[in-house]
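There are structures below to look over.
Each of the next two complexes has chain A plus one more chain, namely chain B in the first and chain C in the second.
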Partner chain A sequence: MPTITTKLNTPPAQTWNYLKINDVSVELPQIDGDSLTEDDSQLANIACGCGEGAARWMFQIAANRRTIEIEPGDSEENILVDIDVDQAERSCVDLIVGEGAQVKVLVIAHGQEDEENLSSALLRILCKADSKLELTELVSAGASSTHLSGIGMELEQGAHAEVKQYSLGAGLSSMGLAANLVGSNSSLELALRYMSRKQEKLDVNHAVWQRGTSTKATIDASGVLADHAEKNYRATIDLVQGCKGSAGSEQETVLVWGDDVINRTLPTIMCSEDDVAGDHGATIGSVSAEQIEYLAARGLSQDEAELLIARSVLDDALFHMSNETSREAVLRVARDMLGEEEAAELAETSAALEGAGSNE
Partner chain B sequence: MKHLLTISGLNAGTEDKSILHDVDLYLDANQTHVLMGPNGAGKSTLGRIIMGDPAYQVESGSIEFDGQDISEDSPEKRSLAGIFLSYQAPVEIPGVPLYSFLRTITQKRPELKASARQFRIRVNEICEQLDMDPGYLTRELNVGFSGGEKKKIEMLQLLLLQPRLAILDETDSGLDVDALSVVSRGMQAYRESCDGTLLVITHNTRILERLHVDHTHVMVHGRMVERGGSELIGRIDAEGFERYGVHEEVSAS
Partner chain C sequence: MSEDVKDVDRSLYDFVKSEEGYERFDDGLNEEFVRAISEKKDEPEWMLELRLKALDIYHKLEMPANWGPSIEGLDMDHISTYVSPNTEQAASWDDVPEDIKDTFERLGIPEAERTSLAGVGAQYDSELVYHNMREEVAALGVVYSGIEEALHGPYEQMIRDHFMKLVPLTDHKFAALHGAVWSGGSFVYVPKDVSLDFPLQSYFRLNAMGAGQFEHTLIIVEPGADLHFIEGCSAPKYNVANLHAGCVELFVGEGAHLRYSTIENWSKNMYNLNTKRASVAKDARMEWISGSFGSHVSYLYPTTILKGDSSSCEYTGITFAGGGQNLDTGCKMILNGADTRISINAKSISKDGGASTFRSSVVVGSKAERARATVSCASLMLDDQSRSDTIPAMDVRCKSASVGHEATIGRISDDTILYLMSRGIGEEDARTMVVNGFANPVSKELPLEYAVEMNNLIKLEMEGAIG
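Moving on, here comes the complex of A and B:
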């Protein structure tokens, strides 16, 4: 099948090309012009973090397309987007969360075969006024597979979105998320947790536009890079003119576990409004001296402290997975990384803790 | 008589500044001690040096815990031996869920090892004791918690680990009345649940109201200047540290 080279995850503000972080190029199967479908979704114009071209491809290639609409004031806790990476599944979901509605969504891309599979998930979301969205995404796939994730969301007045993304492995895990905070007092809490090992590549683009007044956005990324893993991470917050009283914050912490990892980070705050607050920071390297001191005072050596941080990525993922498939996808990584005994302990701990997070 | 902790002739400080001068201190098992002193007296430094903080150097003197010289031991070794330091400003560790942290530090101690279910029950009991929302357990260690919540997490660890010596370094600082009450209850619960020794470093006499204090120590300018019973607390509350040549008020609220 002929392929086309497509650039994904291009950030709103780019840097020098030689830094090799402006995008990631992927060979995608060319789609026959005769089989193109018109994208007449009312969410077709929502920007996704993977980029317009990639989103168009992901829409066209999706074998499974659906639109979910949550009525105003309703509550829906079990929206599942399940992608079997080993079957190269490709999905597109449009989600409209009605005014004052509450919704929980779990997106899982799971697989274990060491085959060159290509899967994708495109998710476009409109959160109407005063609605609440809780979105959890997990990518855990085989060492040669590629999974493309494209998420776009628009938040109206008073809408709140809490997003947790976990990438625990894939030949290439590409995650692009864009959020447009158009309504006043809308807010986004976005967290990325990752574990990349062996020869895995993780490529992430987070782009947030704060347009409404008094909006709030926090982006918090942390994870572990081990062996020969490679990671590109771009985080952009754009405080657009007119977003008075808004605050945006980006933070990244990377634990580099090995001498051969490649870690590239591009944190950006753009601002064309005076009455706003924006900050970003990154901690890259080993665990900080203060953290080591604190953990040592609780009985952990530096190696044990680092192992705790690495293991915690899996712990945290497990705590937030709400179905068997997703839990098993996390445990598969745990067994491979920590061994059977530790993985069993992890599973027991998570089972014992079930329900605790519901009080958050 | 063998003391739980014996500090003899301790001179210590940072690389460029000597802070503690000729400090002698002994603590026996199953007691409550209070260490008071004006700002900058070296109280927190003493706590950190007992814990083995590498930012400080011992120039001379010795620190014995349970009859063993621990002056050269690493902080983790001291912790596993039964020394606990509650920090004034506990550090944030993004990415590490509180529950995973608690489970890991507990499993490191053979005497506290428990099945996942037993452990959860124990943690739940302590959360209830401290009026702590169990939802905190899946949140990241100290990240986004208020000052009072962070102190509760320190108390949770204290009650979970039941160390033989617990040093509480101004655990009461910056707390509102409710949080102060929780911390105070935690200290009391610790003293009642095991025969551990408490060394409370504080400016605040309110935190001590629920405790039976066995001994009070006063430190000024890096020196121990007085040792007495609980009556010393009342006197310092009324007079401050003036008799030691320091003009500073003691907080009673």
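Moving on, here comes the complex of A and C:
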């Protein structure tokens, strides 16, 4: 099948091209013009973080397209988008969350075969006034596979979205998420946690436009890079003229755990409004000398401390997975990285915490 | 503070002198002009070859289409690449033609030379018109001369070994243009273990309308030596585009220290596409102090390559973007040596529809064991018509390195202004005072005269900011 080189995850503001952080290039199968489907979804114009061209490709290539509409005031906790990467599954979901409705969505891209599979998940979401969205996404796939994730969301007045993304492995895990906070008092909490090892590559683009008044956005990314892993992370908060009283914040913490990693970060704040507060911060490195001293005084070596941090990523991911497939996808990484015994302990701890939570 | 700046008026920088009797190349760029510049300077053959190669590269390179301010208003077919006031370079202000001397008098250069500088170079359009250094400094073996002058003396080989080696001709389109048509600038050589008690200063004045200035500054600081170099620049405002595409190459030897300070106040029709780069050896220290106030469009990112172990660099910069300005400034740091240290402290202010972008890159190589980098940038928005973007890139490839970054964007709080006004300070003065305080980390790094100049520029920019 002929392929076409497509650039994904381009941030709203770019920088020097020689840094190779402005996008990620992927060879995508070319779609025959005769088989194109008209995208007449009412969410077709929602910008996705993967970029317009990539979103168009993901829509066209999706074998499974569905639209889910949650009625105003309703509550739905079990929306599942399940992508079997080993089967190169490709899916597109449009989700409309009605006024005052509450919804929980789990998107999982899972696989274990060391083959060059290409899977994708396109998710376009409209959160109407005062609705609440909880979105959890997991990517955990084989070392030669490519998974493309494109998410776009628009938040109307008072809507709130809480997004947790976990990337625990893939030959290339490309995650692009864009959020448009158009309504006043709308808010977004976005957290990314990742573990990249071996020759894996993680490429992420987070773009948030704050347009309504008094909007709030926080982006918190943290993770571990081991072995020869490569990571590109772009986070953009754009405080658009008119978004008076808004606040945007980005934070990133990276543990560089390998001797041969590539770790690129582009945390951008754009601002054309004076009555706002914007900030970003990043901490990149290994466990510092001061931290090692502190931990040593408590009986932990540097290796143990770093392992603890790495384990915490899996711990957190496992805790937030709500079905067996997703939990198994996390535990598979845990077994490979920590061994059977530690993985079992992780599972037990997580189950105990979940049990403790349900007792409350 | 306010007493010191009351007397400032805009005519300090914005005045024009007649070009009568000047030599001016026709607008545009071609091989004939490049050869003519080389011939006028009676250059060695290798320099002409470099120029022609640069011209070829210039024609082949494109400006990046995906980032940076637009330079659509800059048309090289309407820029003269060489304008000479037709005067010999003088070593005494008395020998400088009266109107040019008057220009520099108004800019305060001779006065500064008498009181606080070890040497001064003054460039007017494409040529140096004055160059002098104190005798006691020359006696230490320090060389401070025009770069063309040095090309005809014992330092030719040294210049050949360093000229456009840090900034390759292929670096970007306007670095190539610079290589093709460069004219004027300074050559500084500070011998081993020599410390200068006073700074050297070069001042660049572009008087000609629709012209370009392409000076080249080459500084070599030998091991253990210490230098503070100050660069100033200004131009009158025209309603056509002017271009500045200078190039600065700095070589800081083992254990040496170089501070490079710039107060840039080009007129607001200027396209400032300047390139500055430093190479820093083992245990050496580089400091950049940068104030960007002028220009219509700026692309300015001093670059530092920390190639020696335990070398360090500090960048302290402020950018003030007012109406009609789009200033894209910042810095690039490349940490290759072990135990290298960098600190970036950048401030930007946007008002009256001005756009300011802080752009940086910190690249930590795989051999930069235990390298440390801290980046801090703060942006102040003075109204909702302006824009301020912060685009810092980091690429870290060493496990034991540590990089910390923080940035904030905000405005002057109403509470602060009300507090100052309740103590009898007018609103405009209160806001100027806060902006001066915001800029203080930069101004305190400058010699007093230049700190005053910077505060004056802020005062000028803040005039009419209320209402």
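Here, the second predicted complex is superposed on the first by the 342 of 360 C-alpha atoms of A that agree within 3 Å, B and C clash if a C-alpha of one lies under 4 Å from a C-alpha of the other, contacts with A are read in each partner's own complex, and residues count from 1 in each chain.
Keep in mind that, in the parts below, a residue touches a chain if its C-beta (ideal position, glycine included) is under 8 Å from a C-beta of that chain, and two chains touch if they have at least 3 such contacts.
Bear in mind the structure is a predicted one, so any value in this text is a computation, not a measurement.
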{"item": "Touched partner set for A:C271, first chain B, second chain C, both or neither", "value": "second"}
{"item": "Partner chain in contact with A:D316 - chain B first, chain C second, else both or neither", "value": "first"}
{"item": "Touched partner set for A:N45, first chain B, second chain C, both or neither", "value": "neither"}
{"item": "Touching partner for A:N263 - first (chain B), second (chain C), both, neither", "value": "second"}
{"item": "Which of chain B and chain C A:Q87 touches, first, second, both or neither", "value": "neither"}
{"item": "Chain B versus chain C as contact partner of A:Q14, first or second or both or neither", "value": "second"}
{"item": "First, second, both or neither for A:T37, with chain B first and chain C second", "value": "neither"}
{"item": "Common ground on chain A, meaning residues reached by chain C in one complex and by chain B in the other", "value": "288"}
{"item": "Of chain A, residues touching chain C in the complex", "value": "13-17, 19, 21-22, 239, 241-242, 244, 254, 256-286, 288"}
{"item": "Chain C to chain A touching residues, read off their complex", "value": "64, 66-67, 359, 361, 363, 366, 379, 381-384, 386-411"}
{"item": "Residues of chain A defined as touching chain B within the complex", "value": "193, 220, 222-223, 251, 253, 288, 290-291, 293-301, 304, 308-309, 311-313, 315-316, 319-320, 345, 348-349, 351-353, 356-360"}
{"item": "Residues on chain B engaged by chain A in the complex (per definition of touch)", "value": "51-55, 74-76, 79-80, 84-85, 87, 90-91, 93-97, 99-101, 103-105, 108-109, 115-117, 119-120, 133-135, 137-140, 157, 161"}
